[in-house]
Structure formats: C-alpha cells, structure tokens
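Here is the structure we will look at, set down as structure tokens.
Going by the order they are written in, the chains are A, B, C and D; count residues from 1 in each one.
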C-alpha cells in the first residue's frame, strides 16, 4: 500500500450581512427599577451564540456588567421584527440594532443619573461595573441601580430604548451586475495536509493550519467554536457529504446518519488557527460574523491537496474514494507533485 | 393498524406465534424492528418477544461455543468463551447499539449491515432454529430472503484452534464507527505454513453475507505472503455481485475488495 | 389502542405510567414522565441524541420498547446534577464551550457518563469510541472530546460514579 | 490551537472595552448541559394531534385523482387536509421581501414536480395513526417525463418543471434568463493572455443535517389566536409566510422559538408553521408537524448543487487578466432561495482578487428534484470551491507558488471590484502571509512585505470600458406576465414585510454610498440603455407596490 502526503492551499473572502440589504432587524432594551436590563429580540439562536453576543453588545453599550443583562430571543409578541438568522446577518444586523436600542436606553439612564447628581448628563461616564460618575471625579457617583430606580419611582422616566438596523435595499443592474452586495468582508487562508491511499482512494486529513480575519472577535470563545466546528464541516463537505451520491441521478439518497456520511470523532485532524481582527467599519464594535465563511477555505484546500498528493484533479464534490480511484486509474497511477 | 406486543416465556411459543401470523415480527434487540415501528412501517402489526433465558446464554459445547440468538454485541465483547468474536462485535454500531444489537438480529440484517453474520459464515457456524435441527449458516443465509422466517434459538460456532487463524476487517467511511463499505472475515488454518481449508466471507458485498469460494480455493496449499496470495487476490470477486448503495458503488467494491483482502491476508494493519 | 402500566426508576425515583403498545422509551420519558432531556434526533438509532443509561449501560431510548424497562433503573441528563451542583461532565462541557446548539449535548453527556462510570481515566481513543454513536453537527467533536478528558482528569469519573 | 494575532490592524481597534472581546460564558450554556434548553418540541400539550404527509413517489407527474375515503375512516384520524383547504396555496418565500413570483403550493394540486412533494396531509391522534391513515390514501398519477440535470433542463424540448417559469429558468429583471456580470472586455483580454486555463466544477447538494429536525407545534390560544412553537431560524419569515398562506392577520399568531437545535440554513423555509396552524384551525386542537429524519434528509431542501465553468486569461508572470464564469444553480422544482443566492454569488465574483476583466452568466435552473434552499455559505461556498481549485490549476500552469499567485492577484484596499464598488477593510494578504508562516510554506520577501493597506487604488480603482450584450433575453414563453397568481383576497402584507422607506436614526457609517461609486458611462449597448440599477425588488419581475 502506498500512502501519499499532500498539501493544499486556499484563500477566500466572505460577504458579511445579507446580500443587497433591505433586511431590517429591531431590538428593544429596558431596565428593571434595580438597573438590571432585558433585551427583547425576535432573532434566533441556533447555536451560533446570538443570545450571548447580543448580551455582551448590550452590556458594552449600556456601560454595565454583562451579568446585568439578559437576552430573550424569538417571541413575536415581545420581540420586534427581525428577518432571521441566516446569510451571516445575525451579528451584523441584530448587533447594530441592539447598539441603537441600548444607546437610547443608556441616554435615559444617564439623564436620570444627572438629575440625581445635579450635573449635566454629558459630564457623566459609566465604569462598566455598575457605577455612573462625573468625568474625572469618581467620587461624585451614583450606581446604575440607583439611577434606574430614581428614573422609575421619582422621575417617571422609562429607561428603555428602541433600535433598528437597516441596510437599504441595493439596486442591481441587469446588464453589468453593478450592485452594493454587502458592507464588509471576512477573510481566510488555509493550508491542509492530507494522506491519500492510492490503492483505496481513501483520504485522511492529517493537519489543518488556518488564518481567519473575522473583524473584531466580540467573544473569542464563540469565534473559536465557529472556526473549529466550521472547518470540520468544510472537511465533511469536501470528502463525505451529499444527499445524492450519484448526482444528478436521484438514486441511493441517504435517509439516515449511517448513509449520510460525515467525519466521525475519529476522523478529525489537529487544526491550528490564527485569528486576525480588522474591525468592520459598520459592524457592531467592528465584528463581522465568522459563522458561514469558516467552512469555505477547506473545500478547495483539501481538493488541491489531493492533486498535490497524487496528481489527479477531482473537480466534482464530494471527493469520494471512488472518484480518486477512477482518476488514478485513468492517469495510470499516482503522480505526486512537488511540495511547497 | 396499531402495533401490539406479545411477550412469551418460551422461544417455542414465540415461534408458534410468529408462524401463525404473516404480520408478526420478532423483536430481538430493536435496532431493526423499533426503527421500523418509529417509521410507521405497515408491513407488520405485531411484535413478538421471548424472555427465554436460553436466548441470552453463551456456553461452551465441545469445540464449539453456543451463542443464544438474543446475546448482544456487548455480551460478546465481555465474554471469555466468545473472545475470538470480540473484534467483530466491537465494530458493530456504537456503544448504545451494541448493548441491544443481537447475534440473531444480525443474521437477518440486510446489506450493508450483517458484519457479524459474515464472521459466522467464515467460521462455519450452524444456525439452530427453535425446535429444529442445526442448519449450516450458508444454507440459512441463502434461504433467508426466500423462505418464511423462523425464530433462531442460537448459533453454534466452532472455535478456531489457533486464534490467529481467524481474521476480520470492516472497512467504513467514518471513523471509528461507520457502516460497512465491505467487511471480510477469514478463517485461515495453516499446516506447515501452508493454508489448508480456508473459509473467507464478505459482508456488504451483495444482498447478504457471502462466501468467497474462489478465494478459498486459490488459497488452498498456499503460503500467506505476496506470492502465495496472488491467485487469491485475482479471484477476489469471482462469483461475487456487490451492491451499489449510498456508501459505495459496485465498481468501487470490486476495486478495493482485493486490496483489503491482501491487507487482511498479509496481516497489514493500518 | 391498549395501554400498559409501566414502573421503573428514573434518576433514582420511582415512576409509574401507562404506555401505548409499541411506544418507544423516548416518547414514554418525554410525554409520559415529562423528562424532556433526551431528544428526538432520528428515531433510527443513527444519531445518539436520545441516549440514556439503563442499569448503567448506554441505550438509545428511541429504539427501546418502553415496556421492556419494567423495574429497571434509567438515568438521563435531567438527573445528572445534584441539586445546584453540576456533574463534573456538565462542568467540563461548560468550561470547554463543548456545546453550541445544545441539542446533542444530553446524549453526549450520557454516552460520556457511561464511559466514565466504567473507566474513570479513559484514553482519547476510548473517549472517541464512547461517543462514536453520537452525532454533533456544530462543534467538530474536538471540544467534546477535550471536555470529557478534562472531566476524567478532574476525577469526575469517580466522584459521581 | 487558536491564537489571536492582536498585532495585526491594532491601530484600527480599541482593545480596552469592558465586555466586548471577553471570553464570556454563553448565556444558554447552563440550559444546554442540564438538558433544560427549551427547544420547540419541549412544550407539552394535552390532546396533541400529529400531522403526516402523503408524498409523491414520482419525479414528475400529473395528479389525476386523490381518494382519501378509506383514510378518513381510519381510527384516530381527525382531519384530512387537501390542497383546496389551503387558503392561499401558492407562495414563494421572498415575496415577503417584495420579490419573487409565487410558484410553490403548500400541498400539490394539479401535479407533483419532485419525489417527496407533499400531496395530502393527515391529522390524527397519534403519530402511528397518522402514518396508518397516510398509507390508505390512493393517488392516481399520470407520470410525466422529468429532467434532473441543469444543462439538460435548458435544452429546447426539455420537460417543463415549474408552471410559473415554463422555460426552466428564473427570470431576472423581467428581461434575462440569467444574471449577468460585465466588467471590462473579457474576450479581448483572453485573446491577449499568455495562457487560457479552463475548468468545470461541480458542487454536490448538501443537507443541513441539524440534529433537531424541522418542526412546529400550533395550539389554540386565548383571544382567538394561535400560539406556535417553532424551530424556525427566521421567525418573521415564518410568521409572514403563515399569515400569507393562511390569510391570517399576523398578530393573531404568537410565534415562540429562538432556541434551535442547529439550522445551517435548513430552517428558513417556513413549511411546518403554516401546515401546523392550518391543522390547528381545522381541528381546534394542538397540532405537531415535525419531519422524521428521512424527510429531513430527502424532502428537506438541501443547499442545491452548483455547476461552474471558469475560463481564466493569465500572463506568464501570474497576473490574471480575464476571468469568465458560467454558473448553473440547481434550484430543484421551485425557487425557494436559489434566485437570491445567485445575486449574492454574482456580487462575490471573481473572488478576493483584482482582475481587470470579468464576466459571468449565472442561471437559476429548475429540475425535478427537491427544491434547494439556504445552507451555510449559500451562493458562495460552491463558487469559492471552484475559484480556489481553479487558482491552483493556474499556479500549476504558470509554474508559480500557489500562495504567491494569490498574493500577486489579491485585492487591496481601494481596488475596484467587478460589481463596481471599491474594496475596503480587506485582509486577504495578511491571512495568506500568516498561514504560510504557520505552516512553514515559504513565500518570497516581496510577498511577505505586502500589505492590504498599500498599493491598492489608483489605476486599480478604475472601471474599465465594458462590453455589454443582450444574450439570454427571456423567451416569450416565460411564465412572467402570462402567469400571475391572484393576490390573495384579504391578504395585505403588513408594513413589517416590506422594506421600510425611511432610514433609521444614528447609523454607523456605511462604506458604499451610491454617490461615491457612481457607475461610469457604459459602452454603447445594443439595447436601449436603462438607468443603471433597477430595483432589486423587480429582479423577479413582480414588484409589490
């Protein structure tokens, strides 16, 4: 048996935020009298961390600890309109809507504090720990709890805010395709090392090295979750998955997880990730949203690694052992390519 | 039609209940039957169970081990007497499947399932139907899809004299647990370094586990080295009709059967 | 549709319910008892999200005929924590961010508990084998494997076994 | 395993924020590890009914007759639902955003166009009873010829899949049977190139495969409303779709979800909510409609297959001077989101590179298979696979280090992109450099010295003289105009579903203001030149006013 090591490279960018715009998202923020806040959304957390990232965004904007904020997602009676969690729009659209809502709520909280401290709201800052004080004079201070309490019971102010984020609908020119597709791009480059068994056509992913540029990493652990899981899915799309194994023939379509093959826990390879953070001009705190793009560089990187290993181009996904074996037969055996 | 469940103490009563109804299915471990029930399968409306302790026993009988049809893969792995079958049982499903998947159920599993039955075929096991006489497993499998199903009480498996003479490999697309692209079981008794009386069986290389008779003949009197096995490899798929399914095509199975057979015969582990 | 009485232990407390004939344990636990921690993922025995322990062994509740658990002891994720005190596996999954959508998590935890209860200090290969019947679509498995190894290293296998 | 290279773009970031950038625990993690996170099916209802569908066994067939009489008499059956029971039985998802022709029934009426298309729904006391009753429904079909390959579907005489688009192609801008991208003069540049590199790439259909299958439970609520627990990943898509199909005011439905067992794009289609609510309306009982795993895999819409042809013109030094795309998206029997994904895809071409001449013709093709929909990276993943595999071929042809080839052609801040907007906030160069260093893949010093911030713009910001054409004018046979579903009486899209005409107050700066990127005078057009940029909402040819 001969095992051929191969190395492949790919680089990609990814449009963040739903293509062409025209897709608003809204958020509502309000506080209890003790300065603890709720964020009401109709947005969806399908595992990407919507609840968690919007919670941090709200806390940062309000200037209070994250523990003082909870996010409720997806109740159409309480959560204002949102198009949904898809097209890498969640963090970008909903995050910006939450910033707008939290900014409005913060303003009321600061006015209430100003009234209590008998100063101008413009002179006040939050310390992120639950206090509001006069710029440069930390001693002249009031807790966010006291400020919100006063707003509620003394001043009759609602410490609340509404936010919407809309990227207006772009035109598309029918002749040239001129358009404003999105407002920012994430980036990635990946190098994958694989082994190819030239007798069975089996591919074993040995190691992945990657660099992802995701705008500001709003929560590094959530970014890590997306990149690690997304790269696994990229492997899967390249070497395993299809609903139609003999496409365009419809026969033998998988109906369970035994037939719909994906990499098992014994197939995964070490993945060394570097993250770059170039803030997006209009992303929430510069965040872009890595959820969709993270799988994309893996497909071509693995495909190119197969060529590098045995000299056959498989341009038809998934790259099953059968496709490699047929290509090797047509080529008359493996032709390993120079390594970089 | 709602499903009714009938549980019997004795295997014989269960067998009678099955024989009496065309719409009854025997419930071994549930991996096949419960899946069908969950999917609303209209082919049967009665589940027959038996709590007969004989179905769960593993016992030595001369040179053989008698394994109850209701014995699970987990039991096989834990059993000293059936230790030579542990490597096979270990690659049947994941841990939560192995606690219920039974030896008897595997005899009826359609490709690509049925790796354990392939191993029993290579080991020249006999199938003991309830209230019947032992049937060579080959004949049992040949008749399986044609004749009305009979409840199996146990399988009688001759224990290989030399444990190294029995080899098994399951090839799958997913690690560590995946359904078979193919599996190969081989009993390779040697005499003075030469193979004598080999039995080789494939799983997932046709509708049911099949013997590779051409391979067996080509191995007779040969040594287990590159040169010795060459004729066997060229005969690897003679008389074999692999299926095409979601995991692999007939073409691929034909291509790689000799490769995995070679690796098994030369004991090349990857 | 005939219904049968069924008694069993669930996370240490006795349960007595009626189940329909042919009903699987997953439905009996979810609708019959109201333990919603085991999840439906396929009803085919191919995804592991409904994994529970029966007398300490991992089983797929969707493939288990409910009436066969008469007088047996069942464990689910709902019973993992001791009051507010999380099981070391739960703590390790949290610390390791080993869940995203969280749907496969209860099954993963049960598969892992079955391993640690028997083998408190498993190798990576043994962990991989233990979860080999459980599908996760989000995490790429690595964080889950790491969390289970971390729980074992923390002595989690022993403390709650 | 993961490192954050803070030294890159440090001067563009303030890293001293209180909460942003912190590894804060997920708000939902405790619920996940205790098994208490409330997914849609984790809500129990007394008297819950179950809904199952009878599905087409044929790729393409006319429905001659449907006989449900035996099914109606089956035990536990509470209601059989037919196409005629659906208040507005024709929809297209993106009508909620003001474009797209209604082209898909909730239950097939006259014909079925793919294996698995729902024809009849049964609501019964138990899942088993629903299955048993479905098995008793008799449908008499006239099997029709079918087409499964995108390029076959475009040939004259191919079976017509979708009555709304009889020519098997979605119609763009009321004008073309495909979406065009034209930037510069590709053909001339190809003639002048040292090398022409061609490739064909096929992306397979991919199942989102969330561990939680799609579903919804609808129950009668007080005040004559319906509460709906759903696995949707687009709450107001589902709410609006239900309102339209059921001709039900949106505020009579209370949708609750937001905790979803994975979506990956497969939970946008809003199939279960309207069906479950209809079952609830017709029985007065809580109704659950959930796909089993087999349905999720073969009836649930995958990310459709894509076929791409790429032709590059390359100079000996590795500069790519021309890139031409022809793309075919396999939309399956209905539009769902494929028409939209193509616009997204075209806006993405030619990938993260500055190429002076680019053209693309991308077709949304109807075939007799399960409709395609969104899936992680929809519109991009497939073409990125094609582009980056093609880049490797180009590198091989010109005998160049593949990373250096990318860097030589990489887009930089200030470059003009093929969709005629300036590139900003780019970082392809740095990603290539960092990963090369990590994996010890050596690249030349001139490439290590590059920066996304330097060397862009100037000549690279110019919009070239562009050749345009009117190839692919939609055939008159096109269903557009000839087929207009009557607007559902009583249904008026509520403001929530049409893009607000106002712009919200304080918005972060948006990079691309139309002003700053005014289109240049286009080359003489064989057709009457139209004002640059028609409304996106008319891409489908149906504009809601």
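Here, a residue touches a chain if its C-beta (ideal position, glycine included) is under 8 Å from a C-beta of that chain, and two chains touch if they have at least 3 such contacts.
What you see is a predicted model; the values in this text were computed from it and never measured.
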Chain separated most widely from subunit A, comparing mean CA positions: B
Whole-Å gap separating subunit B and subunit C, where each centre is the average of the chain's CA atoms: 29
Euclidean distance of C-alpha centroids - subunit B vs subunit D, Å: 45
Averaged-CA centre spacing for the pair subunit D and subunit A, given as whole angstrom: 18
Subunit C: positions in contact with at least two other chains: 1, 20, 22, 42-44, 46-47, 97, 100-103, 128-129, 131-132, 135, 137-138
Subunit A: positions in contact with at least two other chains: 46-47, 49, 221-222, 224, 228, 230, 233, 253-254, 256-258, 260, 262, 264-266, 271
Residues of subunit B touching at least two other chains: 2-3, 37-39, 176-177
Pairwise touch network: line, ring, star, complete, or other: complete
Residues of subunit C touching subunit A in the complex: 42, 44, 46-47, 97, 100-103, 127-129, 131-132, 135, 137-145
Complex interface listing, subunit C residues touching subunit D: 1, 20, 22, 31, 34, 36-44, 46-47, 49, 76-78, 80-81, 86, 90-91, 93-94, 97, 99-106, 109, 135-138
Parts of subunit C lying in touch with subunit B, wherever the complex brings them together: 1-2, 20-22, 24, 43-45, 48, 51, 54, 57-60, 62-65, 67-68, 111, 114-115, 125, 128-134
Subunit C partner contacts - residues on subunit D that touch it in the complex: 25-26, 28-37, 39, 41-42, 44, 75-76, 126, 128, 209-213, 259-264, 290, 292-294
Residues of subunit A touching subunit C in the complex: 46-49, 221-222, 224-225, 228-233, 256-258, 262, 264-266, 268, 271
